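A, B, C and D label the chains in the order they appear, each numbered from 1.
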Amino acid sequence: MDTLCKDDIVAMIRAIRSTMEEQRDHLIELDAAMGDGDLGLTMVKAFVAADEYAASSDLTDLGKLLMQAGMTMAKAAPSTMGTLAATGFMRGGKALAGKESIDGADLAAFLRAFAAGIKERGKTEVGNKTILDVMHPAATAAEQAAADAVAPAGVLAAAAAAARTGWEEAKGMQAQHGRQAYYREQSIGKADPGATAGLFIIQAMLGAVESKEKS
Amino acid sequence: MDTLCKDDIVAMIRAIRSTMEEQRDHLIELDAAMGDGDLGLTMVKAFVAADEYAASSDLTDLGKLLMQAGMTMAKAAPSTMGTLAATGFMRGGKALAGKESIDGADLAAFLRAFAAGIKERGKTEVGNKTILDVMHPAATAAEQAAADAVAPAGVLAAAAAAARTGWEEAKGMQAQHGRQAYYREQSIGKADPGATAGLFIIQAMLGAVESKEKS
Amino acid sequence: MKKFINDPKNFVNDMLEGILCAHPKQLTHVNDDRHCIVKAGPKRKGKVGIATGGGSGHLPLFLGYVGEGLLDGCAVGDVFQSPSSDQMFEVTKAIDSGAGVLYIYGNYGGDIMNFDMAAEMASMEDIRVEQVVAGEDVASAPKGEEGKRRGVAGIFFVYKCAGAKADELASLDEVKRVADKAAANVRTMGVALSPNIIPEIGKPQFSLGENEMEIGMGIHGEPGIRRGELRSAEEIVQEMLPPILDDIPIKKGDEVSILMNGLGATPLEELYVLYRTVHRMVVERGIAVFNVYLGEFATSLEMAGASISVFRLDDELKALLSTSARSPFFEQLTIG
Amino acid sequence: MKKFINDPKNFVNDMLEGILCAHPKQLTHVNDDRHCIVKAGPKRKGKVGIATGGGSGHLPLFLGYVGEGLLDGCAVGDVFQSPSSDQMFEVTKAIDSGAGVLYIYGNYGGDIMNFDMAAEMASMEDIRVEQVVAGEDVASAPKGEEGKRRGVAGIFFVYKCAGAKADELASLDEVKRVADKAAANVRTMGVALSPNIIPEIGKPQFSLGENEMEIGMGIHGEPGIRRGELRSAEEIVQEMLPPILDDIPIKKGDEVSILMNGLGATPLEELYVLYRTVHRMVVERGIAVFNVYLGEFATSLEMAGASISVFRLDDELKALLSTSARSPFFEQLTIG
């Protein structure tokens, strides 16, 4: 299958929601270790809202759908990660404006805009132990795969693999932003909660496309 | 021995202090059950102050000495029982003004004025489950003994026996005053903290005189 | 016992030292005794002096209401202990400007006896003293036995109205009349969720189960009406408010000021959650809310809990309540 | 979890409902959303609007400083959560009277991103917005990295001075200048004794041993400088105060206002015990104390703990600090 239709995008968002619900307590724990422990709650809130919006939306413009989903998330979960994830969807969606179906290159463009949005909103760089350390390599890997005309599932598989590596690398970094930064050197060696949530997003997107292929 | 001298009175106050120090936790517990738990603290404070005052006083007028001891107690321990005990000493001492030695009748007069002072200051009556239910019968028994020209030790022995009976009877009463009264029927059957402190005062007075006779 | 203290024995003294050096323009002490707090600055000739007193551990009660348009002096006791008659007498002398002194304090045995003694001493020095004993906790004694009721947070209204009246240079009788009237028009009930710890004792004063509350409990841990499982904020208010309103009674057409008081550890957020239901129920009964005081007005160290006081207003009380006032613990700009 | 709440999910909403019905003459909300709190009554033409915002659980922060001589609006988030950019934008529109809007808020990632987004939205509607981010917790980042510091109770001084300046109908640039100056002259440090419980999570946010304290801890439980055995009040202040004073530095001959803040469960009595040592040390350094604010100004639900903020004054800041102000949570009569 070379393109994803609206149902696939809606299923993708649903898959992210399910993952967040499953991982709620895990994310709370990760965030509580060096933050305020809210990440599990806010990610669930954000993606429940996105899912409810997407499932009931009449839009056929998938870019607009993703953008609106992002705006819904911004209202539902205005925490750091809620806002960053919302910004990612808004910018990613904007990059796909007008599209009623989505191919591998579109997914790569979505991820690139997502990462760029986070970078700008968070005033951060790669290497600061944030979600960007997952989203940026994921976008780069997705672009490479798309350049080879790979289909959506393959693009997302490449993105997920790079995300996973980025997530591992981020572990070794020292946090520079948010509550984690107050822990300075102590943050080194620990998984970054936001990076973990980012990894879950990409893995859930891949999972949704894969399970569709199987069915 | 038919009269008590200044040393005996000072020893009496010292004996009350020691008893209160020994019974501190017991009184706290009794008061905590239906009050604020301060009784052990305030009785110790009151009689430490009285003892320190009496031990260093130059007064030869024993009535005045007891009165001043009472005033010292009023400053040191202005709780309900602290104030009542202080009033008792002030009124009791006043009744003995001018005396440089004290016989059995004087002790009876002291206890009568003590009880009357409590009654007036507390605006209470016998039967309300207070220290008065100990001090009133003690004063009456002391008066009877003194009428038979009994010596101080005998007067105090009679007072202590009556006090003990009064203390038992007060157990069966329902509290009408102070924090204990908020427990209404629940107070029936329990020892009254103030009555217990009153019993200790009389028992310590007796103990001081008895141990002197032995030595 | 996790507390910011030095030697527990010096707790009250350290606190008073802190208060006096924090607010030197507003408060001072007399007789070389920090327990004898009076308003700083010159006395106002012809103004009735108002004194209060009581144990420590209830800030802003009692000394927190010494200030402009409020009280003139306060005798401060140890934690949960009456101050001595001596200290009350010193405060009395210091604040009398010839117009007499009104004592306003809560209905507790030790305080009553000591204020009685102080009044006797004052009368020997020809200072006229009158007394108003506040007791408005409906949980502490049934209707008909009002004289046995504890005074709790509602005393704030008595202070405020009497203070405003004294500021008008009214006579002692007039100030007392107003204080009596205020005291007669306020009713309170409390609920506790957790105990406090007296520094010198070092362990909790009473215990409540992990999921228990006690409705009607007093600010020294005196027993309440019912101990039971913690209910929702709505259910708690539904249980507490009717006995408060039905006691005077306060009814349709009346206008009230409401004091939603925290006992120490309870966050303001939770007090507002409680107030939400108070408001709905009061309005449903056709009672008008003039204003709301919400915060800590009478506490019990770090006790978690709250109390609700309702003050029935008439034109006179409303005017007195509305004047400006200023103490280190309570400031109010003129209302209206 | 012993709290006065209904459904934990509705905690913030119930609280806001309580606040709005308790203070209808002072506060209202816009856009049909109780999270968008603004001052009741008409806007003053030509006055710069000041908005703040932040998570719930810190009352009187943040919405408690919306009032006369203070702020004009506040966007309210969930417990310890930023409000949304949308809500900030609605508040911004509601309070702009044409003179522009100043955002004053604490240095937290979520808040910054959302205020940035709101400012972008406002600029699209031609509302001029400036921002001042308060960060004065010296425990949260070393000197040289001031930009990383958390904003805590000291933001009160920024609000007060900016609010007074805006009341003079000063321009947006002038109000911002004053807010920046206030923010540059305040330093804070906190100490925690016990954790808080977020209603929706239901268990303590962190744990401290039976006899432990954490010096430098933030109001969301962010790590401090040192965790260790609870010391005496004097020793705690001796550890906390020097880093506060040495940071600007505040030195001999300076005049300061001091804010001794309780984090929630700590009794006022203990804050005064702490203040006693603060005062002695400040005076020993030859620093003059202009006035003291003591109470709860920025809390963390039922956390036991305290923070000390020192605000270095000059004539301008002193005059701005001294004007009268009135919100449901903070009233001040003119000082001096």
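Heads up, the rule we're going with is that a contact is a pair of C-beta atoms (placed from the backbone, for glycine too) under 8 Å apart; a residue touches a chain by one contact, two chains touch by 3 or more.
Note that the structure is a prediction, hence the values are computed from the model and not measured.
Q: Just give me the whole-number Å value for how far the CA centre of subunit A lies from that of subunit C.
A: 56
Q: From the mean C-alpha coordinate of subunit A to that of subunit D, what's the distance rounded to whole Å?
A: Chain centroid spacing, subunit A to subunit D, equals 33 Å.
Q: Could you give the separation in Å between the centres of subunit C and subunit D, each centre being the mean of its C-alpha atoms?
A: Measuring from centre to centre gives 28 Å for this pair.
Q: Going by the touch rule set out above, which residues of subunit B reach two or more other chains?
A: If we look for residues of subunit B contacting two or more partner chains, we find none.
Q: Check each residue of subunit D and list the ones that touch at least two other chains.
A: Correct list: empty.
Q: In graph terms, nodes being chains and edges touches, is this line, ring, star, complete or other?
A: line
Q: Output every touching chain pair, sorted by label.
A: Every pair of chains meeting the touch criterion: A-D, B-C, C-D.
Q: What does subunit A use to touch subunit D in their complex?
A: So the residues of subunit A in touch with subunit D come to 28, 32, 34, 36-38, 41-42, 74-80, 82-84, 87, 121-122, 177-179, 181-183, 186.
Q: Can you list the subunit D residues touching subunit A in their complex?
A: Where subunit D meets subunit A, its residues are 77, 80-87, 108-110, 113-114, 116-117, 140, 148, 150, 198, 200-201, 205-206, 218, 220-223.
Q: Give the list of subunit D residues in touch with subunit C in this complex.
A: Residue positions touching the partner: 2-7, 11, 14-19, 21-23, 56-57, 59-60, 193-194, 210-211, 213, 230, 232-234, 236, 260, 264-276, 279-280, 292, 294-296, 299, 301-302, 304, 306, 324, 326, 328-329, 331-333.
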